[in-house]
Structure formats: C-alpha cells, structure tokens
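In this document, chain identifiers A, B, C and D correspond to the written order of the chains, with residue numbering beginning at 1 in each.
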Amino acid sequence: MQLKFRGIYPYLVTPIRSDGSVNEQVLSALVEHLIQSGVHGLTALGSTGEFAYLNRSQRRTVVQTVARAAHGRVPVIAGVCHAATSEAACQAREYEALGAAGVLAIMDTYFPVDDSQVIAYFKGIAQSVSCPVVLYTNPNFSRVDLSVGALEKLCELPNILYLKDASGRTGRLLSIMNRLGNRISIFSASADVPLFVMMMGGVGWMAGPACLIPRQSVRLYELAVQRKWDEAMALQRVLWEVNRVFKRYNLAACIKAGLKLQGFDVGDPVAPLSPLQAEAFEEIRTVLEHVENAAER
Amino acid sequence: MQLKFRGIYPYLVTPIRSDGSVNEQVLSALVEHLIQSGVHGLTALGSTGEFAYLNRSQRRTVVQTVARAAHGRVPVIAGVCHAATSEAACQAREYEALGAAGVLAIMDTYFPVDDSQVIAYFKGIAQSVSCPVVLYTNPNFSRVDLSVGALEKLCELPNILYLKDASGRTGRLLSIMNRLGNRISIFSASADVPLFVMMMGGVGWMAGPACLIPRQSVRLYELAVQRKWDEAMALQRVLWEVNRVFKRYNLAACIKAGLKLQGFDVGDPVAPLSPLQAEAFEEIRTVLEHVENAAER
Amino acid sequence: MQLKFRGIYPYLVTPIRSDGSVNEQVLSALVEHLIQSGVHGLTALGSTGEFAYLNRSQRRTVVQTVARAAHGRVPVIAGVCHAATSEAACQAREYEALGAAGVLAIMDTYFPVDDSQVIAYFKGIAQSVSCPVVLYTNPNFSRVDLSVGALEKLCELPNILYLKDASGRTGRLLSIMNRLGNRISIFSASADVPLFVMMMGGVGWMAGPACLIPRQSVRLYELAVQRKWDEAMALQRVLWEVNRVFKRYNLAACIKAGLKLQGFDVGDPVAPLSPLQAEAFEEIRTVLEHVENAAER
Amino acid sequence: MQLKFRGIYPYLVTPIRSDGSVNEQVLSALVEHLIQSGVHGLTALGSTGEFAYLNRSQRRTVVQTVARAAHGRVPVIAGVCHAATSEAACQAREYEALGAAGVLAIMDTYFPVDDSQVIAYFKGIAQSVSCPVVLYTNPNFSRVDLSVGALEKLCELPNILYLKDASGRTGRLLSIMNRLGNRISIFSASADVPLFVMMMGGVGWMAGPACLIPRQSVRLYELAVQRKWDEAMALQRVLWEVNRVFKRYNLAACIKAGLKLQGFDVGDPVAPLSPLQAEAFEEIRTVLEHVENAAER
C-alpha cells in the first residue's frame, strides 16, 4: 500500500481486430509510447477502453497485455464493473492477479440503488483485493451516483484511497475536498477542467485524451505541481479545445480516430458503436495539430 | 415462424441460493405452478429476472431450466442483453439452442447511441436466430430509446414480430399502432395499464406481477379478448393496486417477496440489491390478499 | 356549488392583433362557433391560450370577452397562474367577478417547492373565490408536480372539485381514481388519451385540439357516456393523429394555424413564439381533413 | 456605453413587510451597507430578489429604491424577465428610466423554444434600451438554455456585453471564453466557483451570498485581480462552505435568514415560499461565523 498514484494516467483504448480479437501488439506499442512520453501510470478498461462492450476473455487479455508491456515501470490500474457485487469482486481479484497495481471500481445497475447498496458494492470490491481502489463515478453516463455521505463511509476502508469524479461539478469536488481531503485523493476526469481540480488539491488526471496528447498532459501536471497557475491556465485553454471537439462525438471513437492519425492501428470501436466519419476525422486532425503547435511555443 | 405469442407471459424471477447458484428446483416448481394457473407463456431473464446481476453461466442455467420445465407446453422467451452486438447475438443463439421459442432483445450501452446504432444492434440479434424476436424498450431504466422511425426499419426483418414498450406512454403506443399495427404485435409492460394496451389492439401482457397473480392476469386477458371492457376495467382497477405498491420498491425484490409469501423459496435479490424490510413484506401480503378477494367476487 | 363541469371544454386560443391587442370580435366568434358545435364549456387562459405570454390587462380582456360571449349558456373556466399565492388569488377573484364559473389553478415557481408549499398555494386560490377550482398539473411543462398526498389534502377544501392532470401517465391517474375518485372529478388533458381517462371514471376532456375538432370531441364524449367502448376506441385512434401532428410543434401555434384554416383570424402566437411554417400548415390541413372524413363515416 | 461592470455585484433580496409592501427603508439600508463594504455594483430583481414572486408595482419600487440609495456611487443592474418579448422590453425601458445602469435579461417560457426564438427575445430587450445588457442563463432553474451558437449571434448587438452563466459547468465557460472571450465579459454565478471563472478571464461575481459576505467576496476578487491564486484558492475553499449550506435550502430564504442575523429586517420570503426553520438558521449562523473568523486570519 506504500504505492502512490499521482499524475497523468491515460485511459487506454482497446485495439480490436476485425475478427473481434484484442490486438495485443498494438496495445503493447501504445503502452510503450505513452511510458516514453512520460505518463505516470496507465488505466485499462475505463470508459474509453470500451469496457462495457467487451466480454470477459477480452477484458482479461487487455489487463494482462498492459501489465506485461508496462513491466512495472508505471502502475497499471484496471477497470472493474458489474451490477452484482460478487461478479465485480471476482473481476477485481482476477485483474490484481494479472498484475494490476490498482482497480478502478465502477458500478452498474439496472434498478435504482440507495446509498447502502452503493456502499455494499464498492466495499465488496475493496475487500476482495489488497491493492488500492479508485472509486469512479460518472452521473452523466452511469445510473449510479456516489453521495458525499456514501463516500465518507467508503473512505474508512484502508484501501479505498482515490476518487475519480466525472460529475463535472467543481462545487461538488470542493465539498468533497473540504470534508474528506485528507482521506481520499482526487483525480480529475476528462469532462472536468483538470487544472482546477489540481488547484483544489487534486493529485492528477485520468483521461482518454491523454492517450493522444501525453506530453502536453504531463506538462500541465508539472506546471500545477510547480504552482505556475497562469502558465498552466494558458495551456489548459489550449488543451480544452481537444475536449470540446471530443464532446460532439463518442469519446472512444474519437481517441481511436486520433490514435490512427498518430499511426496506431487500433481498429474501430466495437459494434454497434461506429467509427467517425471523414469530417470528424479532419476536425480531430486539426485540433491535434493546433494543440501540438501551441505546446511547442 | 407459425408460432404466435399471445396472452399473459409472466417475467420469471431468478431463484438464487445463498451460495450464488441458481435454484433449479424452485424455478421448475414456479414454472409448473404458472402453467397450471393458465399463463400463455413464460419470459426468463427479463428485468424482474435480475438479468443484469447474473453471470453468463447463471443465465444459461436459467434458460435451460425453464425450457425443460415448460417442456413445450407454453413458449419460453429468453432475455438477451449486452452493449455489444456480437455478444448479444451470441447469447441469442445460445438461448435458442437451449430451447427458447423467442428472444426478448434488450439493448444496453455506455455511450449515447443514435438510431442507426440501435437498428444495427437489434438487427444483429434478429439475424443470428431463426425464432421470433420481441423488441424491448424501457426509457425509464435503460439508456436506449427506440424511436418510431427505428422501429419502422426494424419491422422489415422477418422475425422481428413483437414489441414490449415500457415507456408507460399510451400516446406513443397509439402512434405505433396507427403506423405499424399490422407489422408488429405489442405486449403491454407492467408499468403500463395493460387493459388499455389490449383495447388499442395489443396482444398481451408481459410482466413481473403476473408471477404472483397469474389467474387474475389471465382473467383480465380473457375479458379483453371477449371485449367485456367494463368488467375488465373493474378488474384492472383492482390489479393496479399491486403495481402501485411495487412501484415504491425494487420490482425484483417485490416479486421475490410475494413468491416467498406464496411458498416459493426464491431467495433474496442478488447483492447489492437488498431484500425488502418487514413493513414492505406486510404491504405486499395485504395487497395480494386484497386482490385475491376482489378476484373471487 | 351545484354546478357540475362535465364533457368537452376546449382550451381557447387568445386571438391577438399585430398591435398586441386582444381581438375580441374573433374571440367572440370562436366562442359562438364552439357553443354551436355542442361543447359543454370553455376554458380561457390555459396553456393553449398562451397565458404565460400575456400581461394582466390582456388576460382580463380575454376572460371578460369569453364570459360575455358565452352569456351563461355554458360554464367558462379561467386560468390563474403565478408564483406568488397572493397574486394568483388576486387573479382568481378578478376572473370570478368578470363572470368565470370556475378557475383553473396553475402553479408557477422559480425555486423548487415542497408539498406544503404546493398545498399553501392552491389553498390560497381556493379560499379567495366561491366558485369551483380545477387543479392543473403538467409536470412536462411546469416546474411543479402535485403529489397524490398533496392532492388528498387539497380535496378537503369544499370548492376544490376537479383535477386536470397532464402527466400523461395513466397509472398515476388510476392511483388517484382508486384513492380519491369519490372526492375529485378528473378531466383528461390533450397529452393523454381521453378515452382511457373517461373509461377509468373521468368526467371529460379539456384540451386545445377541441377548438378545431369540437363535434368529433363531443362525439367521443358521448360514446364514452354510452359506454360504447369499441366505437369510442375507433374514433380515438383517428383523433390521436391530430395530437400526433401537434406534438411536433408548439401547441398554441398549431391550434392558431388550424383555426386560421377554418376561417378564424386569430393572428400569430405571441413573440418570441413563432407562427408555423408552410409545411406544418399543410400537415395540419391534411390531418384535419382526414379526421373530418373519418368522423363522417 | 463607456461604463464597465467589474467585480462583486451582490444580488439583493427584496425586503417585504407582512402586508406585502416593499420595505424601502430596509432595502436602502442594505444598499448603503453593501456600498460601504466595498462592493462594485448591485443587482436588483435577480433570482435571490424573488423577482418571480413580485408583481409589477413591487418590482418598480425595488428598482427605484435601489437606484436612489446607490445614488450613482456604483452601477445598479435590474433583472428583467417575462415569456413575451414585448413585456420584457417594456420592463427594461421602465427600469432604465428609473435609473438602472444595466439590465440583467432572463427568459421565461412555457412552451419549448429554439435558438431563433431565444435570440429574438434577448434581441428585443437589448434593442429597447441604451444601457448594457447582461444575459443570464440558468439551465437548472429555468426552461431556457442559451446555446453557444445563440450567444455568438447575440454578441453582435452593440449593448449585449456581459454573460452570467449559472450552468455550473466550467467546460462550457471555457468554450465560450475561447470562442467569444473578446466580445463578451463573463460574470460568475453563485452556483459556480467564482475563482475559477476569474482565472479563466471572467470579470467578477454576481451572487446572492455576496449580500452576506461582501468584504470577503471583494477580497476574493482583489486576490484574483492581483493573480495571487494560491491565496485566492485558500479563501475560496472557506467561502464555498457558505454555498454548500445554502444549496440545501431555498437560496432567497437563506440570504434573508442571514441578513436577519446581521440585523436587517428583510422579512420572510414571499408565500408560498416559506422562511427557514430554526435548525437551518443555526446552520447559517455557524457558517457565517466560520467564514468571518477565517477571513480575519
């Protein structure tokens, strides 16, 4: 538990061949490229990784491939998600055994759940592993929200140490910081503006776009660590343009399109998700060039 | 394809033992009881069946058990659900091979999907089986809605023959009836008021509560078939009280509670879903007695 | 209080000249036409009447004009709406003095309100007049919902006698009927399917479309009173097409467009609301002809 | 148009006597107190001012009283809101004549409106006055949202110079800044975290809580102007606690309660809004003391 997660953790896409198999070569190459670009860790099977569209065997292959390619140089965090506690706990144990240094715990549900059920679910995952757990909540895409009260209870578990809150509400994060800031470390989500989260006391940024702009993301983090807020703000304004473009389309499709432009043969999103049209590809090419140039200055 | 689904199709719960295994004996006994009570078919792995909380092997056991117990006396429809087309199609083929006479196709997703993606998903399922497909849409619980336009396209497939629309909006159903009534048959959902759906031209009722009140549900259907609308309305008013109680709690937990009261050892809902409290149990006991007495009159 | 509201109550549009003044001649002619067509009452200043877009003096003119033109032949109900209780109560008193036989009480709010505040508002209106009050709730357009609990409390007032529920949820109406059916009479709203409301025990239909299809609406009501449900259902299916078209556009703009087609110079919706485009006009012309022909058969 | 709005603009409450009349003495005293505390301007008839609950004559009295008491020392901005363009424009002209240096334009509607209607409404207001216009949008409380496209069109008018966006989404603000930052100045709303808005390039903070903590709010603004971000962040964290408490209750009721604690006899919120309970009063007393002490340090 001495391990500390800090900095830029790109959400990896899942490269898939047309026959549905995970492309381990491309995934390994992407991991190598990102580590060379200075990222502080890697997150597999997040939303950008299309976890919801993969079956059990594909998921296992992803975690194993990323852990092997990272080879201990940076921590690998693996996403875990189900509606049933036992299934999620089973995934968590499996991924820890495959080399994950932490799990990102996501909750799915069909029926509405209350705080006690949310707590039971995340507790079940945390107690099934010995590695640190990152709680994830995204009220925009998922049916579950994590109340501040539930979060307070969950912080009592020794290995629930991180939160990735994708609510996009800075006020909510400030409330959590003021109340639980010494008990849980917060990662910004892509939907947010990571600079503000770090300014409030956050410890880093876990996001899909960092797959495409790893150096600039690392630079933003370093400026925040050095408390050079004006410089960081200027960079943040430039980087936001990437997010603005991505918000119009499916995020996984955007990151896959951008990586193709960068030479990684990651394949298409899993059907029925569809690849981007030519026009969107061009928009992504343009914004990536814009960000590239801006960061050089 | 000569098979016609008509009438009352209870959504079966999934009896689970405390060790997590499917209780095949109890499930078979429930199937027997419902067939003896006159239901016209059975639906396994619907929302009441907690499909989202089961793993692949549990789901397979459920379909196999129900098909064996029904033994061809009534059609068995099996719920199929995933975010990826290929996985859902794979489930559909598997369940058809296990004896399902039809599949209830449900779509999950993490990212927002448009009409063309919704169409691709359901088409993928329909083309993977030779049995009839019941489209299911529940905009209240799921992240996907089926537009009337998408529905029109899907009706062109030879084995997409039924719709179960749980939107609860009679206006929407009337629009569908007026436009596609001769191409697709509509089942009412529990959230609706089934009498009105049948009055509009619907062919039956697929719902969790029919597990608990099979005879009364069958009676309602018969009155509708005989066009005895005033009598049917009087019965509907009584039956609605069951739904009214169930709406306050988790539906699967309610049906499991009611079945326990009727002597079926169906176990608790799958964690983190929780069983009902004593007070809710009493409320269910009361409303079931009320309905029992009313139907006797 | 011996007066009983029953049957078809068209929601009158508010004819406005290009200088912003209420066109009293056209409004009077419309009232005359509707009474000749057999409607059982008239509702002024409902949503179709664009009450939210009128000032105090325009509203007063509308109520006075309708009351004078109706001349006691049918009851006139006037819409009352504000966020503050005192202002709404003041409107109610004013409209009763101008000849309204009842008030339709609508609640607006800026801040979220709880049940006790909702009750206080409607109670304040009811206690300020001696005529009957129709409670109105439309959770789709307004920020206020009327819970069944609040409704039960409000029914205790001697002149709160009617409910117009535009939630469009038949289940909610059945719950209200089962619990309060002997204390409050329910009118269907246009968003609903009025036949079902009447079948459940409702007393009529208050709706904008009845301005355009008064005879057919009266016919539907009569079939319901005679409990000729199959015939009523066939007519309802035809009439629904009108609603289906109207749902695509602004309702007030649709009714104004339809009335223009019928020769009433009602002017345009109040800016910034905009009149319908030519294509929508044609769609309305077509559906009105379709309904006209169908009803002749 | 040489006038520039910058800094802290408290949203004034509307002190009301038990007979419903505006308490001009208390309102004048509050204005004096806030100007003495260093605020840069005043906003009357905002949401905290309960504009939706006042009638025309009360609103006029409020604007006149505030303008007289401010006596040109700081700009007074008056809130304007209706569903009809002509009524809103009429209010705007009236308030400018009464001494308002700017108007805060809010749009209400009953029917859904599209971009062209939103543009027409705000344009109508802007063209009716010669003073600057602050556009206001709060998608959480109001039925209207202002798209970035509509905003871009509106910026072309010479006197639409400011935006108060209460969406609470920093990403949306950054998009607006990146696209329209040189054409429109942005004020933070209370629901937001004003420091971040100022860091992005915003020009100030318009909010109800500034009525209660004017000195601390001014201090936050000054730290932002001096680009002392770490100090500003520390103060922001303390001030956020006030917002956190207020979010649990009705905002106008909270500010009125706090002002009573500070000795201003502002009366209760307008019925059916209700005053806070004793417990909430204590919570507000505690958080205000906490903020007072923290700011002294």
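What to note about this one:
Please note the rule applied: contacts are C-beta pairs under 8 Å (C-beta built on N, C-alpha and C of every residue); 3 or more make two chains touch, one makes a residue touch a chain.
If you're wondering where the values come from, they're calculated on a predicted model, not measured in any experiment.
When the CA atoms of chain B are superposed on those of chain C, the rotation angle is 180 degrees to the nearest 5. Centre-to-centre spacing of chain A and chain D amounts to 37 Å, using the average Cα coordinate of each chain. Once the centre of each chain is set as its mean CA position, chain A and chain C turn out to be 51 Å apart. Shown for chain D are the residues in touch with two or more other chains, of which there are none.
All chain pairs in contact, by the document's touch criterion: A-B, A-D, B-C, C-D.
Put simply, chain B touches chain A in their complex at residues 20, 47, 50-56, 83-87, 108-113, 116-118, 120-121, 124, 141, 143, 250-252, 270-274.
Only residues 168-171, 174-175, 177-178, 191-193, 196, 199-200, 227, 229-230, 233, 236-237, 240-241, 243-244, 247 of chain A touch chain D when the two sit together in their complex.
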